[in-house]
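Once you scroll down, you'll see the structures, which are given as structure tokens.
Below, subunit A partners subunit B and then partners subunit C, in two separate complexes.
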Partner chain A sequence: MMSMATSQSLQSPFSITSTISSSQFRRTNPLLGHFSFKAAVCPSGLFAKENSSRTARRHRAGFKRRSSTALQCTASHGPTGSTGALTPELKATLDKFITSNKVVLFMKGTKDFPQCGFSNTVVQVLKSLNVPFETFNILENETLRQGLKQYSSWPTFPQLYIDGEFFGGCDITIEAYKSGELQELLERAICS
Partner chain B sequence: MAVTKEIMETTLTNKLQPIYLNVLDTSGGCGTSFAVEIVSSQFDGKRSLDRHRMVNSALAEELKRIHALSLKMTRTPQQWNEQQAQESRGATN
Partner chain C sequence: MGSRAAGAAVMGAILSRGGRIKQKLEPILEPTSLEVEDVSYQHAGHEGLKGTAATETHFNLKIVSPKFEGQSLVKRHRLVYDLLSEEFKNGLHALSIVAKTPAETEGK
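For the complex of A and B:
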């Protein structure tokens, strides 16, 4: 239905292994090119894998060197566990991420290797509609996993955001796909 | 205490007063994964997302102890009656 390029080559802004320059990042990621690099990469410093603080520090320092808009995200890793997971900094970062990308899926596993049947179902639905979408693997970060449950007021994953709004989980996505409502909403979001 | 189908049914009945409820343990009896079909007048005027939120809220305690919850159907009594009528028409044609 939509013939836009998929984001197969898209580096997740949350990836701690991405080392491309900001201009490369914009070129290879059509969805992200139109907003500030700061917003695209800001989460990486926050969402580095826990217990990888050396990697996270190197990653954050790397972004500061490459970009003139130095990494502004000042969020720390935050406490592990479910209490107090949604800090104001995390909320602000999530606000930016979901408004900077038209379609965002917080899931278990990755787009290419989903690790849960429900997450896989939503990935396959979105892929079949040829819609570019960002994903984040909540299994990589327990703080984010718990914080997102509070942020979305939704207890399970996957969690699908369209045009900055929480759309639902797997069941709602399937229901909307069957009724055609999902396709309509995605088309409006992508074209706006 | 493990979550059982009966616990899920009791909680949902108390909180949402459904006219139809079907809870299925999809974890093969382990009590870790459930599928729910529910019809309640409390869903009147609410979109799917809000209905799902209502069920999630009703099952807040149980959700802390189970791994997965699938809401297969959340209908109002009117939608349920229409669906039943459609199915019985389909059966006789």
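For the complex of A and C:
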């Protein structure tokens, strides 16, 4: 059962890692739970320095502790952080996340605290239709943010996935809501 | 041909982002109608943009083109995004797109 506090719990990573064990952290965050810590993908910025000894044991390769307090992944970052962001491991993780949940919204902010008007619009539309949906706050993770742009071939957020397929951004969601197509698709997805 | 390309490059450097968007879309999509509006001021200060200049980051685009015939909305938007990929790398943050065919706008 997916925790509905998924996106909220990502908002304060330092307090999370200091108060709960990392296995608990992974269980409450389905997207992070799919991250292999041996893979060259790091939920960068999500582990505080005080846990670095524990996480260092898990991170087999591709990680380097920088002077900042957050462990950062080096394997998937180009000079600007955007080239090569979509590693095979990240792609597999995203594949799994969008197929494990019927409705997935990659957005700015969280379901309860959207941080962008476009993201908020899609959240409100989905809430008004009473469909269960998972969200992920792309502002929390730059690697995922850039990787998702390549994964979806879509340069902006929010990005809505229904039944494992990319549906569109805010404009498309609104159009489909007005035409009724969104409701039909959601119904089919939820019932299947 | 060479001078025309050089001229276009010069114009691209001088034009605002809105002008560059038009310049990139027009030759490929041959629109019957194209409106580009800079609405960056409406998004100044929101998360992800704090500390940056709030100019030329958010645009509204309305485009009517026969090239969209038979294409889903996602395909139409992807077509526009692909043509503007350089702009997205250089500070364009969001684009609100209304993409229709001439047939869809008739009778309105």
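The rule we apply is simple: the second predicted complex is superposed on the first by the 112 of 192 C-alpha atoms of A that agree within 3 Å, B and C clash if a C-alpha of one lies under 4 Å from a C-alpha of the other, contacts with A are read in each partner's own complex, and residues count from 1 in each chain.
Keep in mind that, in the parts below, a residue touches a chain if its C-beta (ideal position, glycine included) is under 8 Å from a C-beta of that chain, and two chains touch if they have at least 3 such contacts.
Since the structure is predicted, the reported quantities are computational estimates derived from the model, not experimental observations.
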| item | value |
| --- | --- |
| Subunit C versus subunit B on the shared subunit A, clash or fit after superposition | clash |
| Which superposed partner A:169 touches (first subunit B, second subunit C, both, neither) | both |
| Most subunit A residues touched (candidates subunit B, subunit C) | C |
| First, second, both or neither for A:88, with subunit B first and subunit C second | neither |
| First (subunit B), second (subunit C), both or neither touched by A:115 | second |
| Touched partner set for A:153, first subunit B, second subunit C, both or neither | both |
| Subunit A residues contacted in one complex by subunit B, in the other by subunit C | 118, 153-156, 166-172, 175-176 |
| Contacting residues of subunit B [partner subunit A, same complex] | 48-49, 52-53, 56, 60, 63, 68-72 |
| Subunit B-touching residues of subunit A, taken from the complex the two chains share | 118, 153-156, 166-172, 175-176 |
| Parts of subunit A lying in touch with subunit C, wherever the complex brings them together | 108-109, 115-118, 139, 153-156, 166-172, 175-176 |
| Subunit C residues within the subunit A interface of the complex | 42-43, 46-48, 73-74, 77-78, 81, 85, 88, 93-98 |
